[in-house]
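Worksheet: one structure, shown below.
Chains here go by letter, A, B and C, matching the order in which they are written, and residues are numbered from 1 within each.
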């Protein structure tokens, strides 16, 4: 495990060094708050953000991508891309979400080459939270403001400096490679890291998650509670597209000019078309059923299939819901 | 791409043809029952598919085979043209006109004018979906 | 505002207790401060949850069409419910629009008209009282409830004089500048359809963008597909949009849809003299015509 500290003012040097042989993505203000975007020499990093509107999953599993093309010469898979990428400023909750996506896309039996390639050539530097938002609930779902899972390096802001700690071999190699940019963190800095994390954790809201799976398993599709919750839902896809763990997708063939192409696009279980069959029949007739599916997938089926709750408490679905639904309330309501 | 109504403009095109009138050949005609049949999405979709310009032509106001199809369409097209130009689609890409069955000359002139306008603008790229 | 809320609760209780309606659709506090959410009050007790404040910005008319749709699992006869809706004037206009397009029967809705002081834009919530009002409310030309069945008395904000200044400024730009601005906004889209779902007048059971035989657009976030979707959706709102800003509030990506939807509102008003959602007697502007409608957009072959 390598440790190091770097002045925030010197981040530019690190970025410059990374950009010599790869791409560097970081939090940049593009007019509507911080956004994870490629850092160009004239860009200014913005570190005072709660989280990005869009989850970093899009860097590994984009909203849509072309996976195969078909031309006169026949069908061909789109080759995976190459090149090193560094993501800086991913929040620990979103980094944790990547470990869940790994379980889905890099399975023993099935491996998604596009996802895996992006994961393998991307170094994730997470940035610990100091000021959690009112919508955060990571501590209730196996996360923490300084959670370490899913990232290669954890960075913590301490005053005018960033204290970095490598968490994986790749992270350690990165720290060693750029060793001359890092100073050794002082004991005071290290104490401050821990103090900040426990201070931040106190501000995170709590959700009753214990025994939820058992209660959900007993909560059938026709239980009125789903229809009650869904009554308020406008049935858009904000919660799913903004969720760092939602990973359902569809495959679509489309013609563009003389090319046929196969596109993989994220789908959302909140849409009636998600389960609509070719015959026109739709097994999920009511919106409550769709609402149930989303909650069950995250909090029940995922624990059965992968051993984890597929929610990291980032609060995006709470913050951005146009009907102001709150997954924390939904969970509480269902478990009663 | 030209959407021509069956009763007037398509017949006008026919007359231009049988009269041996010369007009640019790179127009692809789609016959529709009435200019009112043209869904605004047809126009946007045509541009997405890569056509360089769209012309919609129907009967002169008052002459519609279905009494008022073109009059309702006129409102729709007035809004659509204004809106497309508002969002920045090059003026001239999408045009509307009236040509009656007896106006072979007008049809040939119209195609010449629309074709000239679009040629000046060059290939349309704004809404086109690229294979990349 | 407190007494307005009390009057509202009393009215709602009365409506529910007397059996005049089965449901009062209003606002209740949401889980976060400075937010409200829809309240489906079915009993007089539940009506106690209703609130009225400057955060009741959601347009509740968006929930109405589905309330009047016969549920799929019910066979045989079905009587649509009677519903009272707490409305700002923009919401009430949406309801009139829905009635006009036969999405619900006028006699099944009781419109409770609230005095409107303008709603707070959460983005600007930290600003001073006058400056935190949402852009749409600052530009509202009819904040006072009109055409309501039950009027809750109170003070509404004064009507704005000119609401199209931003549209006029945008019109003054060159086509290339407008196109760049349009593409910049639309390319933020993540295609979650929140704008469509939040819009009370986007009531189609099957949206053109989801049709597949044939399909209008691809399923992904290719810019050409995003542009087609937004042009199509906005144009479908021509003559329907009441500028309630539901789409803008719903958008998680902060797309400035208003700059574009307002153009259609302006054109409909200027070309056809039509204001949506005001009267039940006039026809929607794209269902009718005048013999002297504008011809200025028509290409004449002889002209230059």
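Throughout what follows, a contact is a pair of C-beta atoms (placed from the backbone, for glycine too) under 8 Å apart; a residue touches a chain by one contact, two chains touch by 3 or more.
None of these values were measured; they are calculated from a predicted model.
Q: Could you tell me which chain's Cα centre is nearest to the average position of every protein Cα atom shown?
A: Smallest centre-to-centre distance to the global C-alpha mean: chain C.
Q: Could you compare the number of C-beta pairs in contact for B-C with that for A-B and name the larger?
A: B-C
Q: How many angstrom lie between the CA centroids of chain B and chain C, rounded to a whole number?
A: Inter-chain centre distance comes to 33 Å.
Q: Using mean CA coordinates as chain centres, what's the chain A-chain B distance in Å?
A: About 48 Å, centre to centre.
Q: Listing for chain A: what residues touch at least two other chains?
A: 256
Q: Can you list the residues of chain B that touch 2 or more other chains?
A: Where chain B meets two or more other chains at a single residue, that happens at 129-130.
Q: At least two other chains touched by the same residue of chain C: list those residues.
A: 218, 222
Q: Name, in rising order, each residue of chain A that touches chain B in their complex.
A: That would be residues 66, 69, 256-259, 261 of chain A.
Q: Taking the complex as given, what residues does chain A use to touch chain C?
A: Touching chain C: residues 32, 53-54, 62-65, 134-135, 231-232, 234-238, 240-242, 250, 252, 254, 256, 263, 265, 267-268, 271, 273, 285-286, 318, 320, 322-326, 328-329 of chain A.
Q: Which residues of chain B touch chain A once you look at their complex with the stated criterion?
A: On the chain B side, the touching residues are 50, 129-132.
Q: In the complex of these two chains, what residues of chain C are touching chain B?
A: Residues 170-171, 175-183, 208, 216-218, 222, 224-225, 227-228, 231-232, 234-235, 238, 260, 263-264, 267-268, 271-272, 285-289, 291, 293-303.
Q: Could you pull out which chain B residues touch chain C in their complex?
A: It is residues 40-41, 44-45, 48, 55, 61-62, 68, 71-72, 74-91, 95-98, 106, 109-110, 112-114, 126-130 of chain B that touch chain C.
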